[in-house]
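In the two assemblies presented below, subunit A is common to both, partnered first by subunit B and then by subunit C.
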Partner chain A sequence: MEPHKAESMDLLRIEKLKKYFPVRRGFFQRTVGWVRAVEDVSLYLARGKTLGLVGESGCGKTTVARMILNLLPADGGRILYKGNDICGLSDKDMKPFRKEIQIVFQDPYGSLNPRMTVGQTLSEGLRITGIRGRTDRREPIERLLGLVGMAPTAIDRYPHEFSGGQRQRIGIARALSVEPALVVCDEPVSALDVSIQAQIINLLKDLQDRLGLSYVFISHDLNVVGYLCHQVAVMYRGQIMEYAPAEKVFENPLHPYTRVLLAALPDLESGKAPPATGLESERPEFALTPPEGCRFRMRCPEKHDRCRLLNPELTPVDDDHWVRCWQAPPHSTRI
Partner chain B sequence: MSPETTSRAFGLEEPAAPKRTRFEEFWRLFRRNRMALAGLVIFAFFFGSAVVGWVLTSGNRPLFDPALVRLQEKLRPPLATPQATSLKPEERPVGGRYLFGTDDLGRDVFARMLQGAWVSLTVGFVAVGISVAIGIFMGGLAGFYGDRRIRLEQLLVTAVLLAGASLLTAGWRASGAWMLVLGHAWLFWSISPWGIRCRKSLPAGLRFLRKNTLMVDTLIMRFVDIMLCFPSFFLILTVVALLPASIYNIMIVIGLTSWEGTARFVRAEFLSLREQDFVSAAKALGVGNLRVIFRHMVPNAIAPVLVSATLGVASAILTEAGLSFLGFGVPPPHATWGNILSDGKRFIFDAPWLTFIPGAAILIVVLSFNLFGEGLRDILNPRLRERQ
Partner chain C sequence: MNVDAMNAPQEVVLSVEGLRVYFRNEEEVARAVDGVDFEVRRGETVCLVGESGCGKTVSALALLGLLPRPPGEIAGGRVRFCGDDLLDRDEEALQVVRGRRIGMVFQEPLTSLNPVFTIGEQIAEPLRVHLELPESQIRQRCLQLLHDVGIDSPEQRLAAYPHQLSGGQRQRAMIAMALACGPELIIADEPTTALDVTVQAQILSLMNRLQHAHDMSVLYITHDLGVVSQIADRVYVMYAGVIVETGAAQPVLRNPRHPYTRALLDSLPNRRKRGRRLYSIPGSVPHPAYKPAGCPFHPRCPRAIDACREHFPGMCVFDDGQVARCPVAAGRKLTDWCRS
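What follows is the complex of A and B.
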């Protein structure tokens, strides 16, 4: 079951994506269990739109991102990019798609090679697009820097000479250097200062308008997601809990987890701290062997007998609103 | 308007830090580390005198002749003037004095020390060059391709080739050559298009050949562990006892027995670099594996290797001196610091300079390399750098 029908307009379609990491112990490194990092994730993204992927730390967002980039092999499911399944492609077969899908990382300090100047970093991508000569590259590099709001003087500098926000701009420029259609942004602002966050988000939005980019925007900050995204997927422990257009998620959240997340948002106008939700982090060993039934039930304020026994499927409550919860109202058209 | 002011005017982002190259930064920090600086100065002096010494002591009629025997002038103390009456003009030392005295055959110790400096320098650098090259290769292989599995057929081909080579060197010419031919034929067949096609439809009986065995990482690192089980000085002694004594054999043997540390360093660095975001970004751009290794990983992994290489030079010099002292080193007419020391120990009370001068030279040079290496480590390690 995947949350969309009109296949033709999708840029990216993820179907039942799965990734289990083995847990190895002991001298012989035997596999004693599996971390179900991503399980049954289905999403779609239309051209020129932004898909927000929200969830707490460790719920598998980065794992999904790395699988979209084919930096990590998936254990099951399909990733269709413009209708082509890119799961498990060899390096050679993946080559044509490399230019189309790019990534911006969370950590501005680890995402740039400390031994390469900004110019060298950006020219790697240009080399791939076929601009060979050193002098031929100078002009496109300056154009890329201008695109992300950096002065052309940055070209001969090393990453350590820049602030976090500036490095993030350079990371964005690197992603843009191969003229991608889809950019996966893995928490691009969560390591930055609040004032800088706004600049980077506006930059991303501006670039989308100018270049017609599509984004998968990963975040744990619902405010940012609400501002930037057209579609929102709420993820919990490797599964999508709710998936809908941004307005619906914010105005009519149907999953208890989404409601908890929204309640925990600080109110920007009043500046008041959010009320305590009573949701402390659980013991980590649950990550290894999730209990039977709904993954969220241990923390769910509205849990039910059925939740303990069976894991609900992601089901439509509306044409474009999907929820994984036994309590969700049934699809309106089916009544 | 200058470019600076225009970019300000348009609100473009500029780096806050003043422009400083990596080298300037490095030099600024290095100058503050007195000990490392002293190490570098002594090293430069040693390097200079070894090169100059090589020029002045080699050739048909060298300025300083380390092999010139003047029996009537034996065991003269440092700074002694020669007895002019008994010496031919060409036998007189340069400057009219024996700067470091003479040994039991009346040879000029200063000339011998100069010649020995060149031996120490080349042994140190060539041996470390060999060991670093092997270490980077093995460590890089283990770190980057470590999780690949080796197939049984690959192990078998290697075994056949090695067996062939050792049979050949051991004297069984015919069988060795046959094994080599067989191994190479197998190798070429398996990479030929025909072999690749056959690979997919292997009969069930031969399917076991394509079975996965060890991981590359396991193979290399267990081999390193085995190498480290042998006390390396005795390993070198054994090998040197079997080989003809020559300076090249010493260099190669020291190089072949001291790469394990470098391999471990490089592997550890590669394992952590492989997970770094900038490496993932390069892969996502579609940069090829070789370019990722040589442009992104090696430059970031080289710092600890440089440090261990510097320390390795010191230990190679020490090993060579030790071998020469025991009589397994560079063969006699050639002077090295180790055999000057070894010859001098018989006269330690009559002519103490024969042991003190080479001993002090070894001490100072080894110490300077160690100080320089440790200074380098402090500077190249960003965490230690912040402390200063």
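What follows is the complex of A and C.
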């Protein structure tokens, strides 16, 4: 079963997505095993909404993002964008969708070409969308810069002349240059200082309101996700552990891992709390291959026998609240 | 009620007075640290918090004598550690202090550990150099240290190279090295910034436990106000090379007096602010070579008045013992401004 809602509402729909990476060893680089980076991931995203993908490093959230952009082929499952399966499309067939799905990267320093002026960077997208002449492009570029809160004088300057926050604005302008409907934001504010982070978060929100954008927002920071996202999916080692509207994830977390993440979250308003989680460290022997049964069981403070034998399915406990845990309460409408 | 005097232990382990660190090149002088005072008392955790470029790391490097000179220079101030002036000391004398009496933990354990030596060899080094322990005892002591910092199967980890450990384990190993000689003070520079939240919580509670077990003081440098709320007894907020606010951590975070501290807290997102616009501080941090005259925060400050553009404000003591460098917030008269 997958999280389900009225199909027509969904801009993006991911079904049972799977990605395994080979582990190669030795002189001949033989494949000795597989890292199950993403397994059985199902999600949907409505138009104009933000889906938060949270989890610790290595949980597969960036891998999911790269598959949404078709930068990485999936090994199974479907990615439906406006009802079209974009998994495994050739570059040519993918081209119309490239305009619609864009990405903003984490590192505003590494993701801009240092040899291109801001104008050149932004005009690449415009050239692809068919605005040809140089003078034709100047005006839309100035409009783009205005959209992200930058002065038109930025057009002839190079990335190194800008601060981190301004570079992130340029990265956002580049994503918007082709007028996408869906923007995948991969940790877009993690590298920024607190005061700049707020500027970029406000900008992303304004743009969503003005342009009706949908975001897949990848972050390890639950405070940012709780502020910005409508839906939240919590990932652990390649699988979704809990998936629900943001209020439910924060107010009524049902998966032990979600509860651990929330407990570790510093909360300025509740005062000094010596951080103590019941969480054990991941055992090194399971670094590549998760243990049999539930993937979280080695670190789970609430594990019992059943968790060792079988991996639970992502199961609805409510119409829009999905949990992958044996301990989750049953769906209220079922007997 | 003076919170500092009430619950803080009195013995000062580290005191920094009027520290100035400049970076010079042909054209300009960057005043990275511009007259900073702080102190750390026995057994307490003090946080130095600020955004990148505010001078918090440079202050720590300077007081340890680790600042590359040139281009850096210490243009003034005093640093006293248990009564001894550290800035007067030569390199040889400093080496006796560093690693033995002051332990250090840095942000990125992968780059601050040496990739070609095993964890065991690196933990053994301070034991050999500073304590001159006989070889027979070193292994035992290393195992004990790894056990203390919560590393599983320490026998195997001793022979591991840094790249074979996870980020959290590497940071634990770094802490084991810092603890090796039983220091009185640990200086930790963003030790959990590169780590996941759950691992961060583990490391913070580990440091908390070890601090109490060994009666150490901790100077903790961070940009993360959430971390400050979890660990700090007292906090110093830095902006553009100066301390702008200080006091016991909880009062400062709950009722910040300096407009900058207020603005930082208001700009933090969380789920309770959903639907409301985040406050964002206009503009950006000034370049350390081109700081504005007067209060360094005035171009971005919502409460700035004309006097803020001309006079560098002194520290003002509020009724409850909190201290902030803002005479406007304190309601002081213009004539009182320049005293700190």
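Quick note on the criterion: the second predicted complex is superposed on the first by the 321 of 335 C-alpha atoms of A that agree within 3 Å, B and C clash if a C-alpha of one lies under 4 Å from a C-alpha of the other, contacts with A are read in each partner's own complex, and residues count from 1 in each chain.
Here is the rule we go by: a residue touches a chain if its C-beta (ideal position, glycine included) is under 8 Å from a C-beta of that chain, and two chains touch if they have at least 3 such contacts.
What you see is a predicted model, and the numbers here were worked out from it, not measured in a lab.
When the two structures are superposed on subunit A, do subunit B and subunit C clash or fit side by side?
After superposition on subunit A, subunit B vs subunit C: fit, no clash.
Using the superposed model, give me the angle at subunit A's CA centre between the CA centres of subunit B and subunit C, as a multiple of 10 °.
It is 80 degrees after superposition, to the nearest 10.
Looking at the overlay, what does A:G149 touch: subunit B (first), subunit C (second), both, or neither?
Only subunit B is touched by A:G149; subunit C is not.
Taking the superposition as given, does A:I103 touch the first partner, subunit B, the second, subunit C, both, or neither?
After superposing on A, A:I103 lies in contact with subunit B but is clear of subunit C.
If you stack the two complexes on chain A, which partner ends up touching A:N223: first (subunit B), second (subunit C), both, or neither?
Once the two structures are laid over each other on A, A:N223 reaches subunit C alone.
Just checking: does A:R174 make contact with subunit B only, subunit C only, both, or neither of them? Give me first, second, both or neither.
Touch status of A:R174: first partner only.
By the touch definition at the top of the document, which applies to A:R115: first (subunit B), second (subunit C), both, or neither?
A:R115 contacts subunit B only, not subunit C.
So, does A:I128 touch the first partner subunit B, the second partner subunit C, both, or neither?
So A:I128 only meets subunit B here.
Per the contact definition in the header, classify A:Y158: touching subunit B only (first), subunit C only (second), both, or neither.
first
Can you work out, in whole Å, how close the C-alpha atoms of subunit B and subunit C get once everything is superposed?
Minimum C-alpha separation, subunit B to subunit C, in the superposed model is 7 Å.
Using the superposition on chain A as set up above, list the residues of subunit A that contact both subunit B and subunit C.
163, 165
Can you name the residues of subunit C that touch subunit A in the complex?
Within the complex, subunit C contacts subunit A at residues 51-52, 150, 152, 166-169, 196-202, 204-205, 208, 223-227, 229-232, 249-250, 253-254, 263-265, 267-274, 277-281, 284-285.
For a test of understanding, state which residues of subunit B touch subunit A in their complex under the given definition.
3-4, 7, 11-17, 19-20, 22, 276-278, 280-287, 289, 295-296, 299-300
Can you list the residues on subunit A that touch subunit C in the complex?
Per the touch definition, subunit A meets subunit C at residues 56-57, 163, 165, 193-199, 201-202, 205, 220, 222-224, 226-228, 246-247, 250, 260-261, 263-269, 271-277, 279, 281-284, 287.
Give the list of subunit A residues in touch with subunit B in this complex.
66, 69, 71, 91, 94-95, 98-99, 101-103, 105-107, 110-116, 124-125, 128, 146, 149-154, 156-158, 160-163, 165-166, 169, 171, 174-175, 177-178
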